[in-house]
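What follows is chain A paired twice: with chain B in the first complex and chain C in the second.
Now for the complex of A and B:
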């Protein structure tokens, strides 16, 4: 009897697991070339630090993680930082649910470029509150720092997004930025479901108004 | 679960899309525990295992195949089976234009045909369809074209047209878009505009085909015009314009073309470098290979380079080739130096010579090497000799110094015998332990011969073989090139080489002769002899025990040299040397043995050992036999026994004769020894101290004297020794000699036996004389003791005491002989009895006047004596007795009775004494039976 029950239980459980629609959070890495987007991603995904630099075109990663007790999947799109690929970015951005905007604290230009990226994201997503984290990478290279914590904080406040300093080399704050972003995405999704349940046609109406222009 | 058992899972691809052949980094879990475990990879359904490179269980690098569209990346492992993936790869085909950036290499020859690729490309690129960068999704309800035409007459929504109206466009495409979006779109368009505003080049680039089309049409127009307008005036204007347009167009592409030219020339240069990489690396490679010792490679490279570049006119090649030549020159010198370095294994030398030949070295390296080697060989042979002579002189002065220090050891060194020397030095070793040491060392000459033969054996064969190889031509690598040379060398150098070989061999043989057989060099000039070394001319310097080892070295050397098939009289030269050495050794050893034997009397200990076979002997005969046998054995091993190719030592008449004479002398040498021991023994013999080394000088004299027995005893012992030697030892030795190949030994046997028979006779006579004289001399005297007279004597009452005394004396002799050697008992006793009976007869016959009882008494005593010794009576003795009895006057019957009674009485009284003779005879009879 007991064993029979257990088996059924198990079957139920595995069935439940399999059938349960897996939540996927789509994260997009953005930022100038060479700031460490891929390094952060690989550190997060595989706990490895890649020393040699190879410009990314567009890499895709997905794995299961446990977010606050709930099993979800994180899908990471690691994009190209180089300007050469700027044209194809828009397409990628559209699918993103949350963005890690990365710059290198040792390179002022990369910090300046974050403004352009944010602008592009906001334009493509058409959403000021899109989950977004400003990430200052290469925090281990303190002696080469060019971007002060203050100015980065200031910009983050201006955008009302969190600012986190990470190091893909030492793995400092790596998990934190991804999990924080996923939490943001989750809360946004939950909010969206509530909204769509409550006022389903609101947005469309709003849009219709626009046509009057 | 086992780690390797889990199914592979791909969780990352980099990049996630690309045309076929894109290099993809695949990451994930359980991608195989090792490279063998990883057995399959599918990207978009295409098997890509061939291009895959397994890096780690979490990383694989592969190239995408011709899969199109989005698909899975599946890894298959042996342990985990077919895996799954959370990410996919998107394959697409791109037609990449000649001026477009591409991340991968495009084979343009296939895809870009001059005409087609261009015409296809649109005037505006794809992204221009959506200049604002805002998606038009959600704008389903479009305005109808009629409506728009109504609103904007004379206008159009097509951006390519001149009457383009932005309002029309916006209404047509973005009537549903918010104002913010519109603003963003504007910003996007502005940014794009700045990007595009690189100037006309960008525009021409993107509209290349159109531009070319224009040019071609214009050109065609021009042609047509020229054809139509014969005057050509109107055309000129256009022609000028066309030319301008053309030069303008050329100018636009100048940069590109320039780059292409540069790339071409770089590529050319690279390919030249690649093609002649070999040459440019050659100097370095040569050095490296020389360091590594890979000479063959160097030579091959060089030959190849020479054939390719020796005649080159190209400046760069010339420069590099010169460097190569320089390197090779150094290499050549190095090889030559190496070749001249000796000693060097034969193979190495051959190799070096071949290298040098293939490097086309000037001169004749092989011949130079041969000459060098011969000089070197001569040099070391001479040096060896010099060293050893010096060494010997040094040790000699040292020994002289030590002699001066201790006169005792000086004396001991003067004595030529090795054994004696050893004895004395050991005896005195407490005084000078350091100086005494050198005498035990191997003699210098033996060390010399050992080293000399070693040198010959080590180096000469390779010298000879190298020469052989040289003349047989096997040293020449390239026969074609050098075909004239070996023939040339053959005729001029063959005899020279022969001379060289002979020189070395004769030097060797002369060096050996100078050391061991100085006499054989006597007819060479003085200055030459000096060259071969003057050794201290003292034969005794080499103890006999060492000589055979010297001979063995020479023979070994000679026999291995003989195998070399040397030219001319070389074989004879060395064979003669060996034979002479052997003969010399044999003569020396035999002489040594003879002198050893002659010294044997000093070793007599007088301890008689008796055994049934040979009677009583001392150890001397055994020692003698030992010495001879050892000598024979020694000689057999090193001298007599023949090796392959050596002449029989006894085949030469002189040697044979010498050997026979020496052997005979050796066999006879023991006789004087025995003789001197028997007749004048050395009283103060050092052997006493030798056998009892602990007792020092004080005990020496007394003990030595005590040990030597009195003359008669000595005589009988020596007699026994002599007999034993003659009967047993000599035949045995002769047999042994015969067995070892010595010839005419019967002669030697006869001579030896004669010698020992003579000795035996003289010893026997001396002994018997010694023994019988006292007995015989006492008979007459004692017979008439107490005024006895045959005439007046009374009735006999028994045998008188004097006779008993005679008998006792004889018993004494008998016992003495028996104690030493029972074999001699009969012989000696008979002889003694003969003499006694002779004396008796003489005395009895001298009696002229017999009284009444005189004859009775005489008869009684004669009978008693006769009865007692009856067993030892010889015919001569019996005859004597008979004569004596016959001379006596006739006795009466009652007197005869009386004498018989008295005889019986005597017999019973003397029973024990008589038994001495009988018992012995019984014993002897039984032993003989």
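Now for the complex of A and C:
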């Protein structure tokens, strides 16, 4: 009885996969603790600003959005600013297709830390052109600014990525960063499918065997 | 005629009553009286008997009446006795019944417990959810006793999950949490399959549900993921799919759905906590490893060994498939369940037989994972079996202590067969200690110390002896355990002696009582020689201090008494006023062992002072008591005590001899001195002889004092 159920489910799954029309773009929020990764995510997801700060462990969200007339899904992984295991952080990064590297313009250290995050992401993804946005959050707190627009711009240019200043509180540029990143991801994907077709699936099978050993 | 008739009636009545009573009286009493036999015979006709009696005349009638009267008295007496006997028997029976009742109560209690246990077990094995529900408890226990729980948990895994033997082999690994989850497709959130997740303390094991499952195996091993490379993501919003969380294990990321928000929360929290715990442990391990590395660098170990181990493992993996056939024999397959059955039925012998058989079999098997897995299952049961046996021997309040040492024999024998002789020995002796303690507590203190000590010995030493015999039988070939027994016996003796001291020296017992008590214990100690246990010197050593103190105190009192009575001594012969009283006195002294009949004059006078006769009496009884406690260790003390007492008496006599006041009594004093120093000393010498002890030279010297006093008298001026 049970086995039947399982088999049917499997059949369903493969069918579902075959007819799945929607594209999922996987976005990962990285950055030091307290810079507003979760605030940006929640603002984007639910149009609300959460004042209370509670450190995130690792949360994921999914939402249907219309990107340039096409209905897609965005999958956001809101990571912890602090993670004890480097291996686990790598696992987060591996699962992402694009990154929002967030710092707080009111905190110089968080800006410095972006370099480490960038380096790690590049190492894990082994791809210098990975969709990536440098995001300076808390732009509404102009009076407490510690990181100038210039130095942030400079770093962004150096990495050849866009720099955007946002405010999770006022919702300034919140949609922009997510949509910009999704566009980047989309164009990267299109490029990839042009180059090779159906390869990722096979790769997946192989890799899984590795972990078993 | 009327009178005669009345008498006849009366007699008939009396005879009838007596017949009734006599038939009730004990048969022994009946046999002694011919009359009783006649009266209680079956065809006895009272009318006929009385009419015959009436014909023989008044005198005969009177004697008959007397006889009947006597018979009546006797019968009444024996009836009384019987009633008392019956009564005491009744009391005893009632006591026994109350004990039995208590035991029955315990038994029924145990049975209910067992019943609930059984039903629990039934439910456990049929419905896995039970096990899941009880998880938090298991976790707590694991913290208390990690070793134990680890084995239990992993054995549980082996039973349920196919192909996870490699997982259970890691030492220190334990189950933290487990539960059913549904795996979802990470893109579409469609259900893929039902899985069962086992969170171990260092990794997460995934197992899928087995189709066509048979027996206790429910899941098939899917994968094992180290916790430190595992990223757990709380899926906050996944559209219509609630209670999901994601696990990222490179390169896979999987989404699981829990059945409730609570269950999901629990999973996330426990995963987080376990990860933290592991991080802490790893940190410790790293530090330890660094230390070890330093040490190894110093020792410069060759790396060859490691390589060897690796190849071994490879080989064994290759053999694994082949070796599983090994275990396919029917009896082997059913063995774990058979073992469970034996343990549940308390058929310990059968269980141990099975264990021995399987161990013998497994010795010849190569060490492949399948065999190891099987062995782990067996070991798990051996552990249970051992626990069962041990609890059999454990002293617990709900267990009756009225069994003899043979009651423990069964458990002990099986434990020895399982190679747990040390534990068996320890538990057996503890059990015995408790029983001895219990039995001693049953003795009631009835006032007389000697009686109590006799009872105490009657309980303690036979118990010790039984234990010894049983121990020798049970641990025949385990000589290592013998020393444990000896140590135990000494400890028990110590507690016994403590009780003994409290009773004997604690109260105001006189020396005769003490001597008797000590004598009783010594004799009991001697009986222990039969089982090759010699505790004599231990007992003496434990007693020495108290005994010496007591003897010294007695001596001081004695000397004080001599001085006190000496001061009041008027040196008059005893006058008993009448011959009768005098004879009575003589009788008394002869009971004490002194013969004064030669010293009687004028019918009622005895030519010794009251003081002297008193001294003789007490001194002789003291000497007897002391010598009945004699040991070579006490020799000097006893001799000195006697010498000092005599010296004190001599000093008293010498002083009075020198006094002008008693110049006229010198002859009489010398007579007393002669009695004390020659006759009494002779008696004491006899006591020594009776006890087979050499008469000490110091006392012989005392004997010579009489001659010294004699010569002293000559030098004194006449009155």
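The rule is short, and it goes like this: the second predicted complex is superposed on the first by the 171 of 213 C-alpha atoms of A that agree within 3 Å, B and C clash if a C-alpha of one lies under 4 Å from a C-alpha of the other, contacts with A are read in each partner's own complex, and residues count from 1 in each chain.
Keep in mind that, in the parts below, contacts are C-beta pairs under 8 Å (C-beta built on N, C-alpha and C of every residue); 3 or more make two chains touch, one makes a residue touch a chain.
Just so it is clear, the model here is predicted, and its values are computed rather than measured.
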Please indicate which partner A:63 is in contact with in the superposed arrangement: first for chain B, second for chain C, both, or neither. both
With the two structures laid over each other on chain A, which partner does A:126 touch: chain B (first), chain C (second), both, or neither? first
When the two structures are overlaid on chain A, which partner does A:87 contact: first (chain B), second (chain C), both, or neither? both
Would you sort A:95 into first (chain B), second (chain C), both or neither based on which partner it touches? second
May I ask you to decide whether A:45 touches chain B, chain C, both, or neither, giving the answer as first, second, both or neither? both
Tell me which partner A:158 touches in the superposition: chain B (first), chain C (second), both or neither. neither
Chain A positions touched by chain B in one structure and by chain C in the second: 45, 57-63, 77, 84, 87, 90, 94, 207-208, 211
Seen from chain A, its contact residues with chain B in the complex are 38, 42, 45-46, 48, 56-63, 73, 75, 77-78, 84, 87, 90, 94, 119, 123, 126, 207-208, 210-211, 213
Taking the complex as given, what residues does chain C use to touch chain A? 185, 187-188, 190-194, 209, 211-212, 223, 225, 228-239, 246, 248-253, 268, 272, 275-276, 279
Within the complex, chain A is touched by chain B residues 11-18, 25, 27, 58, 86-88, 101, 103, 127, 133, 135, 138, 175-181, 184, 187-188
Provide the residue numbers of chain A that touch chain C in the complex, in ascending order. 2-3, 6-7, 9-10, 12-13, 16-17, 20, 24, 45, 57-63, 77, 84-85, 87-92, 94-95, 204, 207-208, 211-212
